[in-house]
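Data first, discussion second: the structure below is written as structure tokens.
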Amino acid sequence: MIPERWLTFAVLVGLLAVALGALVMDRPFTITLATRATILALAAVGLNIALGQGGLVSFGHAAFFGIGGYAMGILAHHAQTFTPLELGPLTITGTKSMPVIWLTAVVASALAALLIGLLALRTSGVYFIMITLAFGQMFFYFAISWSAYGGEDGLSIYVRNDFPGLNTLDPIQFFGLCFTLLCLVLLFAGRLMRSPFGLALNAARQAPERVETVGLDPMRLRLLAFVLSGAVTGLAGALFADLNRFVSPAMFSWQLSGELIVLVILGGVARLIGPVVGAIAFVTLEHVLGDVTEFWLIWLGVALLLVVLFARGGIVGLVARRGHG
Amino acid sequence: MKTLLSAAAAAALLAAPAMAEVKVGMITTLSGGGAGLGLDVRDGFLLAIAQSGRDDIEVVIEDDQQKPDIAVQIADEMIQSERVDVMTGIIWSNLAMAVVPAAVNQGVFYLSPNAGPSQLAGPGCHENYFNVAWQNDNLHEAAGAWANETGYTNSFILAPNYPAGQDALTGYKRFYEGELAGELYTQLGQTDYAAEIAQIRASGADSVFFFLPGGMGISFLKQYADSGVEIPVIGPAFSFDQGILQAVGDAALGVVNTSQWSKDIDNPTNAAFVESFEAEYGRLPSLYASQGFDTANLLLSALEVAEPSDADAFREALRAAEFDSTRGDFAFGPNHHPIQDIYAREVIREGDVFTNRIVGVALEDHADAYADECSM
Amino acid sequence: MAEPLLATRGLTKSFGAVTASEDVSIDLRPGEIHAVIGPNGAGKSTLIRQICGGLTPDRGTVTLLGRDVTRMGTVDRARAGLGRTFQISSLAMEDSVLENAVLGALGAGGTPWRFWRPALASADLCARAEEALEKVGLADHRHTRCGDLSHGQRRQLEVAVALTLRPKVFVMDEPMAGLGAEGSARMTRFLDGLRAEAPILLVEHDMDAVFALADRISVLVYGRIIATGPQEEIRASRAVREAYLGEAS
Amino acid sequence: MSAILIIEQVLNGLQFGVMLFLMAAGLTLIFGVMGLINLAHGSLYMIGAFAAAAVAGATGSFLLALAAAMAAAAAAGALVELTVIRRLYAADHLDQVLATFALILIFSEGTRWIFGSFPLYLDVPAALSGPVTLPGGIDYPRYRLALIGAGLAVAVGLWALTQHTRIGIRIRAGENDREMIAALGVDIGRLYTLVFALGAALAGLAGALVGAIQSVQVGMGEPVLILAFVVIVIGGIGSIKGAFIGALLVGLTDTLGGIFLPEFFKLFMEPGAATQTGASLASMAIYILMGLVLIWRPTGLFGARA
């Protein structure tokens, strides 16, 4: 068993090394895979704030992922077709600038999380799982029938969006951008976990009555956690859309919500690096098993069952002890 | 799922494939609910490559799981790592929209064996993009034309509420000249059509046009047959194709559907195709198999003339479409979409097997409605 | 006689046909320990939940430091100065002893809305938590994971968390529950000293502790207070003996 | 819009509702007794439909097909309960969601492995095919009427089972207090396996019954599963009565919403846009219903109050 902090460091260095190695060996697709893992990791780190720290089993996080994706899709679509975006009295021109898109994605998904959270947090347990699922489905069906932005077909963005000073079409530069964001968010999530807010949130998961009796409102703690969580997952959605240069209602699907939970659990719930490990393992499995058999999902299912039944702490739980302070 | 397959190996099951000179990337759906279509396209394509006897064509096949993000990821892999010259295989319009624009912009040729979204036929057309199947609206337009010819004057039309469904109804209305008894959008993936059938019954229509691909069509047809509503039905070939007809069963008998291909189109290429496909795979070929087969033959015909590395010459060779299509006459319009006859077929039973028989030509030398918007 | 810091007037609560509290009036004066005793099912938990929030009475009022708090939630009552311990320890078992105490300090200090600096790096939060741990004698275990504490230590920590709030009033639900004789004795001594800081409404089964600590005792039977008064009075009360102490004649 | 059409649509909603009830009853029973969320319930529905299609294809008998569907689903259910589910009773909901999500992957891809990717054929039995004319001159498919009848019969049967039989009493006792029932000397493990198999058999039956008028294919279970979850959440998880009411509510909302919402929008929009807007809103209608119910009663209509 090694300390968690070392593992976090090792995993991030490993991910970076894979991408740089692929650059040296001229295997751009490996960089693309590493980028995919990085972005999924970011989405899962977001989910882990609600799931791991807040104990909120959200089965509808695809809603935020999709909102982030569509924030990118819609802004870039208007920019590439040179049509302004009419929002009631407001007219906005589209944009291909990543920072602006990210900000929009974060704000939009945070707002959605606030609304969903206000309603969903009235329930708990299975009801919470199901109501978040229902909200996800609402977004899914809405996106499918929203013909202005492609409906089921989705939106294609022909060229990746811009970031000042970078050529984002170059796989390694785009990877670098995503990787930096992941590190920043991990730093934030790590601080959050040990901050007064994180302490109270974690206590609210373990002993909500206790938190109430010291004069803290668990609902408000959970709501904020849900909003932060949605915002991070939304940011990941915008990046994912940029990786694929494409958004579609599939980003809202309940299977995606399920897969995000899978990433968190596979890696290790409520562990800072858990979701990252889970995402790397998932992408690797998908790629390696997918080459071996057409029916690779069976083996993913089996792997998942084994983790749930026999390795409660996920992969991180197997190799690292929980760090304190 | 990834198969590295040289044509020679596929044909003769020989070991050591020769040095491949042309690399083809096929992204298609091989797992999940839509896998039947992808399998047929793949099998038709590989059959043609094998029959050509060429051993210098390498086909890289990957499964997109019918997910756009997976398709894009595979496309990146094929272009960046495998460095394919030509891509093909995508079944679904939304996946095509995700993959094709970026791929052709990177200089790869894309030959579509199935999906034909209007954007790629109109403003988004591209010199490296060729559609060998149809523009999405074509079969629906033919259904509208056939309805006129049959003398229908009051149609009830329905399709799922998503872009392809909206295009289908638009396509039908573009050619159909009668009145509409009703127009309905159903949910994508809907499995129960009792409510819609009740509305059809109450509408007083003289014909029903529907576009409900995959399992939706199976459900609709079974329930429609069981409802006792006797109004004749017309639809595009997708719900009457070889792959799913057996699951629909008696419910489909006698239904007229429109298709650019049928197994009884009378030409030697088609007869040979049907026979060899059945011999090779032990099942009757479908529409999709014929499209895969034609796509491969188009590619082969162009390779006779030029290498993909000589892009301009290769493109000209593709545009000429000098190959024997299973459909008989085949030519490309100015936007690289087919100009072809579209037939009306009727579902029949041959022994234990349900299949189709041509009853007439719905549209002759039909091109699509978007060619004018394409500035190539 | 001083104003009561905590008082209920005519609290009544029914669940369907069962009346769990009926016209309960009880008060807690500065510096006293007021014990509430009664057989199982007498409605003690229901009473506590109405006093601490979490359950709204059908009728009657709860006043805390002179304010009517009947409609207030648990959180606001805690902020108004009510410190509570649970019958079954309610602690963040994965966290350390110090973190649990800091949680109380956080609540008392007002703001958990800080996201960057670690909670344990805050000097005033820690000082307040340490002070409470010191008082209950858990300072040496500050870094022990709460789940690894013994049962008795958890009871002590329960009290410590409540202490960090520096409440004006304590409500304690069976603090002796599950403690051995020695543990009970130690807790009894501790609570005895605590009454100087704030009065305690003590719901307790352990009669030795009750008689050692209580200035006054109320007896709750079938949701009703059948007697309230100093120890001697209760001991002498015939009604109590019949209803509760099992000395039916 | 004529009265006949409306009545027919109500019948359709009812039929959809009772089929959802077959799914929801199993889910809610399993949750009520064992406290387990079973995402793989849709897979059992699919197994029922595939077994029915295979047996109907081989024997030509619809009754045998139904029996096979229930047997196959019950067997699969019991097998899964004994090997996997059993270990999840003590686990939290998160683990249950995850493990049963994994089971979906295994069942779906496994079925595709065995049966291939093409849909299978399963038809309505000859005796029940075609329409029947109801009083009032309504032509209605005989088979759908039979479905309504079958669904109601199962509902009554379940009610009788839980209220009046020894096993039902044990089930209800198990819902209330697991330790007590164990203390009474009932083999709780066997009871759980039995309940799980019963729920699975109901799902299999629903799959076979519905498979005859829809397409039997891989992935057919998940949309129904999600609807069934909506049903039990609306009804209150663990309550069979709630599942019944919830199923009818969802069935009627979905069916009637699809009809009336486009008509409603036509009142003030042009027809094309109204049809689309109405259809979009109709597809979200049941989720909106669920949201509203949960906001009003956070534990559903008949759920235990927290």
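Just so it is clear, A, B, C and D label the chains in written order, and each chain counts residues from 1 on its own.
In the analysis below, a contact is a pair of C-beta atoms (placed from the backbone, for glycine too) under 8 Å apart; a residue touches a chain by one contact, two chains touch by 3 or more.
For each chain, UniProt lists the protein as follows: A, D = Branched-chain amino acid ABC transporter permease; B = ABC transporter substrate-binding protein; C = ABC transporter ATP-binding protein.
The model shown is predicted, which means the values in this text are computed figures rather than measured ones.
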If we look at chain C and chain D, which chains touch each of them?
A
Could you give the fewest steps needed to travel from chain B to chain D through chains in contact?
1
By mean C-alpha coordinates, which chain is most distant from chain A?
C
Report, in whole Å, the distance between the mean C-alpha point of chain A and the mean C-alpha point of chain C.
43
Centroid distance [mean C-alpha coordinates] between chain D and chain A, Å:
32
Between chain C and chain B, distance of the C-alpha-averaged centres to the nearest whole Å
74
Which whole number of Å gives the spacing of the CA centres of chain A and chain B?
36
Which chain B residues sit where two or more other chains touch them?
31, 161, 166, 187-188
Residues of chain A touching at least two other chains:
141, 144-145, 147, 295, 297
Inter-chain touch pairs (all)
A-B, A-C, A-D, B-D
Touching chain B in the complex: which residues of chain D?
1-2, 4-5, 8-9, 12-13, 15-16, 109, 112, 117-121, 123-124, 129-131, 139, 141, 143-144, 210, 212-220, 223-224, 255, 258-259, 262, 271-272, 275-276, 279-280, 282-283
Within the complex, chain A is touched by chain D residues 31, 37, 84, 87-88, 91, 93-95, 97-99, 101-106, 108-110, 112-113, 226, 229-230, 233, 237, 276, 279-280, 283-284, 287-288, 290-291, 294-295, 298-300, 303, 306
Residues of chain A defined as touching chain D within the complex:
51, 57, 59, 119, 122-127, 129-131, 133-135, 137-138, 141-142, 144-147, 254, 258, 261-262, 265, 269, 295, 297-298, 300-302, 304-305, 308-309, 312
Which bits of chain C are touching chain A when the two form their complex?
52-54, 73-76, 78-79, 82-84, 86, 90-96, 99-100, 102-104, 106-108, 111-120, 122, 125, 143, 161-162, 164-165
Partner chain C, residues of chain A touching it in the complex
191-192, 194-200, 202-203, 206-207, 209-217, 221, 224, 324-325
